[in-house]
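In the two complexes that follow, chain A is the common piece, with chain B as its partner first and chain C second.
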Partner chain A sequence: MHESVLVYRGFRFLKIAVLLGIVAIIAYAVDQPLGVPNGGTWLGYTLGTIGALLILWLMWFGMRKRRYYGGANKLQGWLSAHVYLGLALIVVATLHTGFQFGWNLHTLAYALMILVIVSGVFGIYAYARYPRLMTENRHGKTSEQLLRDIAELDEEARSAALTLGDEINAVVLEAANKTKIGGGLGRMLSGEDRNCPTARGLVRVEELAASASGKEATQIRRLAGILSRKNELLRQARRDVRFLALMQIWLYIHVPISFALLAALIAHVIAVFFYW
Partner chain B sequence: MDALISQLTRKRSGDVARRDTEVTTDILRIGRGADCQVYLPDPRVPLLHSEIHERAGGFYLESVAADLEASVNGASVSTAQLKKGDKIGVGPYELVIEELGGDRDIGITIELVRPLGATLDELKERSRTSVNSVLGLGRRGWSWLLFIAIAVIFLGGPIYAFYMKAPEQRVAFDMVAAHQNPKNVLTGADSLWLSGGMSSPHRFFGADCEACHQEPFVQVQDQACVNCHKGISHHANPTEFTTATFAGEKCQSCHKEHNGIREIVLNDQAFCVDCHAGLDAQEPKTTLLNVSDFGNAHPNFRPTVVQDAEKGVFARLRLEDKPKEMSNLKFPHDKHLAEKGVRHPVKGTINMDCGDCHVTEPGGVGMKPIKMEENCIECHRLAFDPSVPDRWLPHGKPVNAIEQIREFYAKAALEGAYQQENSSATNRRRLPGQRMTEEERVEALEWAQQKAETVATTTFGKSLCGSCHTVTEPAPGGDGFWQIAQVRLADTWLPKGTFDHGKHRDLDCVSCHAAPTSKTAEDVLLPNIDGCQGCHGGEKAADLVPSTCIDCHEFHLPGLPELKPVQPAKQAALKAETGKATGN
Partner chain C sequence: MTEQYAVAIVGSGPGGMSAAGRAAANGVSHVLFEKSDHLSDTIYKYQKGKLVMATPDNLPLRSEYEFSLGIREDILGSWDKTTETLGVNVRYNSEVTGITGQKGDFTITLNSGDTVKAEHVIFAIGLQGNLRKLGVPGEDESGLVQYQLDDPDEYEAEDILVVGAGDAAIENAVALAKQNRVTIINRRDEFARAKEGNLALISTAIQRGDLNCIYSASPVKVENGALTLSTPDGEIDVKCDRVIARLGAVAPRKFVESCGIVFPSKDATALPEVSSTYESNVPGLYIIGALGGYPLIKQAMNQGYEAIEFIAGNMIKPADEPLLEENFKILQGMSVAEVLDMIRANVPIYSELNPLLLREMMLEASLHRPKDGEVVFARNDYTNSFFTVVEGEVLIEVDPSDPSVVVRLGQGEFFGEMGLISGRRRTATVKAGRNATLLEVPRRTMIKLVNSVESVKRVLDRTAIIRQVQTHMAPSVPTEDLIELVDTAEINSFKQGQALFEEGQAGDSVHLIRRGSVTVSRRIGGSDIVLSYVASGNYVGEMAFLSDAPRSATVRAAIDNTETIRMDGAAFKALLDKSPTLSAAMQARARGFAVQNERMAQSRDASGIIEFLVKQGAGEATDILLIDESLCVRCDNCEKACAETHGGINRLNREAGPTYAELHVPTSCRHCEHPHCMKDCPPDAIHRAQNGEVYIDDSCIGCGNCEMNCPYDVIRLSAAPPKKPGLLSWMLFGLGSGPGQDPKAKGKGAKQAVKCDMCKDIPGGASCVRACPTGAAIRVSPEEFMSIAALARQ
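Moving on, here comes the complex of A and B:
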């Protein structure tokens, strides 16, 4: 994400969102409903309607962004509005609740909304931070190139090990055959593999290098050098996967939970008027 | 032995390339090591895997180490005699004995049958680098799944639960049955929609949503409330005051449910003040004064006091005009509460306090009415003759009292047991068995009558009745009799409000009621409203006790006509429509 989305047209949508939030807060402070503030007062209905319309409009962005006919600039404006009005929704919806929460559908809808917004905030953060980190981490390579280099080092290591002992060969073979990048969600997001066969192999090879002597020791040290380079590339590749996963994962919360929110919102509105 | 070792390489076209090497050696070594004649350059093969020996005309395959078994024709062996055509598996290689004991001693072909795969492809295959690849359904799939799940559980569930109930169950809520079988723990899908806790009085039937919500998408109707709250009364008489009908308002305009255990009776000042701040403009006939806040815009008290105790006439008067309670009673609070004490007939001088006479009613809100028989008689004994101090006249029945006095002295005279220095000779003690003459009898009765009149005059006039009551002496010579003026006290001086004495029990009575300086029962011992305002402020008071209208005043006033539920607008409109059509 370019920063221009946040500063779009001199923070136009930030200003609109702040204004909306302030108006809502003032209305809430000034309003003297009979009884306790809640979603069923006139201000409650008003804030609820604004909130529901905002949610529908914010979700429409998911449809809108697939169309490019308006041009990138127009889409940027949409995204800018999406971000700021989405944040303003926290104020509007929280005041709509009148701070009444419980174990029910209504609070579920609120909780889902907060989850969507928080994941969206993470998305802003991810898109602002990770692309740069990814570029730095790759050192000008593509992720495909990283993998190719790793594979080449594997082959180099294997041939370097052929004349060496069986144990070393087994270690090198395992390092080549079992090492993987990414894997489960946890591995992707952590960006590391604590049980990486290559890292383990490197340790063992270094041990063996220490106990060897002469020409063999030189050969083993050469092998260790290869594995060490591979290890470094693996770390890069895994960080790459991590950044990519972080940039993807929030959308797996943001989008499906926003649909869960849509269902909860519909149910909430129907429930309120069903049992009016 | 002479050996021919042939390296086979299968090409993509299916052809097999063959590279032969001839060796002469004693032992044929198989392995990855450079010194092996059967050289198998693959990391999966040990440096030295096994050896082929020639002995006693046969060729034997022998594993070098116990844990390095070779497979011959699929069976794992550590030693085996070789035959022509045997297939030996060493790691990814397959060796075939092509010749044995022919031109050469042995001919072996080597073929790498399980090559190491393309390293890059395998690495890619093992690695999963995209979130999309691990989250199965994809964003669209998850979106649908969650949308449908939430809709089914949180929308379908409660609606299903509602329609599962029979319609009659929805309209005829039975409070008694609900009491006997309380369902205060919400079960099932209904609870998912509960927007907030029930108020405490309604909590016991909180699981019966349909007790109030009888029709979907229709606001709770007043009828649902009146089903239980029968006979709830108006706020003002609707025939006198047009605004008292509260047209367009429903029970739930004021009584908001689902806000937790908070009372369902909303106590907002605004409820009352929206009319009462300018009530005179809305209801010109009203005698009520405008009020908008207890702290600074509440009129002073206007006690309802007795004007004519005999006829029962009361009047509501301004406290600052020093109204008098014309109760026909004499009671000086100052004498009773005097610091030097008061005389008790038995205990001598005692100090009294308010609580000796004034006690709260059960519940602690109001004060019990003062009664002679309960509160006064301990000191104000109705004894009329010092010789019989325990013989008291009945209170409240002057005719009986007079009769009792007369009978007492008549009896005393006739029995002759009365001893008094200046009494007639007849009344002096007679000897037992000695009968009274007719003359003596007349004299005795005359004495008794005189005595009774004297005692009655003292009793009624001054010593007993007259000390508290207004007593009228009979006209001399007439047949009239002592008259005691009817006593009437106001039950409460402020009938339109309730003062909770129990809640103020920690205060001294005299901090509000100026009894110690009150010399007469006519004093209305109420404090001015600023006495209350010293502690109580309006609803929004920050430095005083915030107090709203219904802390003292009721909305549904007892004694007013019953509130009838307003018909639902739809029905009322329909009725009006049909009325017009028929010309009525």
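Moving on, here comes the complex of A and C:
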């Protein structure tokens, strides 16, 4: 009963997008303009108009997404159309250029558009790949539960360390207070912390365990067990952050650049009509 | 010489006392007999400091005596004073042992041997002289059980069990809980019989942990300082120092009958019939108060006053008359009494209700005069009221594919009981015939009636069973041919996980599920593999008879309070032999199942999904929000949409809730078939809309009962948050907190319960589903989702 955006209603919007692309290509092949193909021929204007309207409509998605009373259509249908028609835009807009590129405003608009589409393609990839990995990684826990479990292990580690030496207590305290999940962009996207105080602490505790003996050794080994469990949970939590970041990061390119594209598009249209 | 009075009144409870007071005020010669040495023994025996309620609130009081909500002591004090001022002729310590004679010349014999003559007698003895007992072994010998509680402060630090779910039980339990460990034992799964104030009281007490409650439990025996209870989980022994049984009271039948009064049925709870002037079948002998079916103080007081007026020939109208008149306006030209008589005469299910109970029901009910052909309710509606045909007829369209196939129900028959029992959609469309007058009783009133009047339950069950069997099992078989099978039918109730029957057993019965749902499973490779989910309105267990083989699978209840109509195997087999069409249809159905079962047995995933969903309570859901986590991008647009479309308060928690494989059940309302939240809602603010949405209206008083009763934690108490600026103001100027619930906003005003209403007022349906960009969130009926075909596609 669940249906992904890509297969929505039996690939309805894929079919429409392919049709649009084919019609555009045939028209381009058949058309015999005076001079070289470019945006100024009747076909060029037609494709340009279609492209511009498509861009406006695609950008309307941002509004539609937030209009929660928005009619009987599901947002899913809009996204499916957004994806496929956005991809069709590559064909329409490229044919509109007549393959005339240069260091000018017009090509800037084109380049921005391609950037937006490429970031969108990454979005499709991220949406297809990461939700499943995220679920697998969480093992049925919510992120809140994950953090709570980590905090509990910190408590456990601290009480386990009470009877042990100062150094171990310092290590455990640092692991509890200085360990971070996420942080900078790099850390979020990599899903790891090369200098994780807990991981460092674990190494140190294991070293100390080797030199200890008797009851103390048992207690240190217990502590090592706790820290290694925490390490595992941290790995899980960081991967969780990573997947979430990957599913969101592209939007920070996709959306602002589409606004830049809109500005460039307006400038392009004005330039074409007023200064040609 | 024997004393002679115009009116003798037996019993000085609120009813008798009020009658005597009116007689005194009117200057009618009267005598009031009271067997104890004080007035109103029942109320006298109320626990000290008890708050006495004055329900029904909307009924005006009509008496020489005052009465309003107050403390026991104040009320008794005021009554004593009024009795003195009026100069009521009371004879204390006088128990009436016999009444003979007829109107104008009754002879009343007292325990002292004296006799008194009276022209009229008013019987106001109540029921409390004849308390209902537990009726289990050991109740008398153990010395543990008592049926009264005078002063709860007498006991301290004891383990006390209070048995019962009525007002007395609740009040006793709550009062005792102050300094004892109290457990209240309720035979049913809700407190349906109690007054609203007491409902709130007991709910809060249970919620706060002041006392424990064991639901669906009935006493089996008292032994060794413990009460043994039969619960759906099996028998348990509960140790205690004291058992206080408050099971209400029954009429002192022998004595009443010895006075010539006739009871309408042999039911233990039956009460004598009285006319609209409270006169019994013995002319001149009047019955008022609890013995006449009215246990409420205010009603009894009104009746005492009215009885004296009736005897004087002054035909005043009852106090609730204006309310009923308003209710009956649709039947122009008929008086209230005529309407009530017509209902009693025309509608057998209500014919054993005495006029007073009928009046009470009619205050909640409504009468309809639909036009010829007008739809009363449509197939698949979720309405759950109960209808009877008072006059005319209705047409039931039983075949969804052919509206011309109709069953006619004539005067006196009822319909709508299937929805009431199953909590599911209406199974057929009902249209009004010519000149139909219909009586609609709301779900809550009907449940109360079914639970408290045995004759109503009996009549309802019997007819419902025939109809359910005909609708869901044997539509092609005429009713006559079903009688033999239906005669073997009994209603069985199951707890979640309890087996209806097990694989390998010999088949001895067929079950039609009439409430709840079941799973079918088979042992494969040492573990139980769930093969299918079967919702109510389907039958199981027929395969053993079609193939003459032992049970091929185990069938278990998917949810608590699953009810089946269990029918005898031999009678079922006889029916199959008699009806080849039915047999062929069942064979075909069974073959389909066999193929599906084989497929399911191969697919552990699908089996696991059913098992998981059933464990999450999907077995009682009508519509459940399910998220496919392989599609969910965790954008929380569902939550934002929910908040945005519901005044800024989100009613769903996407992340919380369990996940199996990639299927996630978020914390969100499932719109249960028998909504737990609807139990014990004092203002009756929770309703089911036509499409099944369970919603809370503005009359919510914020008591929190529903929040506490919901096993799925989907109801919260919340105050309305301040208004947020529009979307563009946020987008362009950064005003407000953006879409979704404002985490910082603090609501103002009184809190009310909020829950999912499935966006019933928004076109397009649930906004969480509409707003999901990836199609991860869907709302489905579990039946649909767990169908084999749907699971195969997953």
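The rule is simple: the second predicted complex is superposed on the first by the 265 of 276 C-alpha atoms of A that agree within 3 Å, B and C clash if a C-alpha of one lies under 4 Å from a C-alpha of the other, contacts with A are read in each partner's own complex, and residues count from 1 in each chain.
Here, a residue touches a chain if its C-beta (ideal position, glycine included) is under 8 Å from a C-beta of that chain, and two chains touch if they have at least 3 such contacts.
Quantities reported herein were computed from a predicted structural model and do not represent experimental measurements.
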Comparing the two partners chain B and chain C, which touches a greater set of residues in chain A: B
First, second, both or neither for A:G214, with chain B first and chain C second: neither
Partner chain in contact with A:L105 - chain B first, chain C second, else both or neither: first
Touching partner for A:Y127 - first (chain B), second (chain C), both, neither: second
Contacts of A:L244 with chain B and chain C, given as first, second, both or neither: both
Chain B versus chain C as contact partner of A:Q76, first or second or both or neither: second
Chain B versus chain C as contact partner of A:L173, first or second or both or neither: first
First (chain B), second (chain C), both or neither touched by A:S143: both
Touching partner for A:G10 - first (chain B), second (chain C), both, neither: neither
Touching both chain B and chain C, residues of chain A: 143, 244
Touching residues on chain B, where the partner in the complex is chain A: 32-34, 41-44, 46-47, 116, 119-120, 122-124, 126-132, 134-135, 139, 142-151, 154-155, 158-159, 162, 191-197, 209, 213, 216-220, 254, 256, 259-260, 262, 266, 268, 270-271
Touching residues on chain A, where the partner in the complex is chain C: 1-5, 8, 63, 65-76, 78-79, 126-127, 130-132, 134-135, 138, 140, 142-144, 244, 247
Complex contacts: residues of chain C adjacent to chain A: 626, 628-634, 637, 640-641, 644-645, 655-656, 658-659, 662, 664, 727, 731, 739, 762-765, 767, 769-776, 778, 780, 784-785, 790, 793-794
Interface residues, chain A side, partner chain B - complex: 32, 34-36, 38-40, 100, 102, 104-106, 108, 143, 147-148, 150-152, 154-155, 158, 161-163, 165-166, 169-170, 172-173, 176-185, 188, 237, 240-241, 244-245, 248-249, 251-252, 255-260, 262-264, 266-267, 270-276
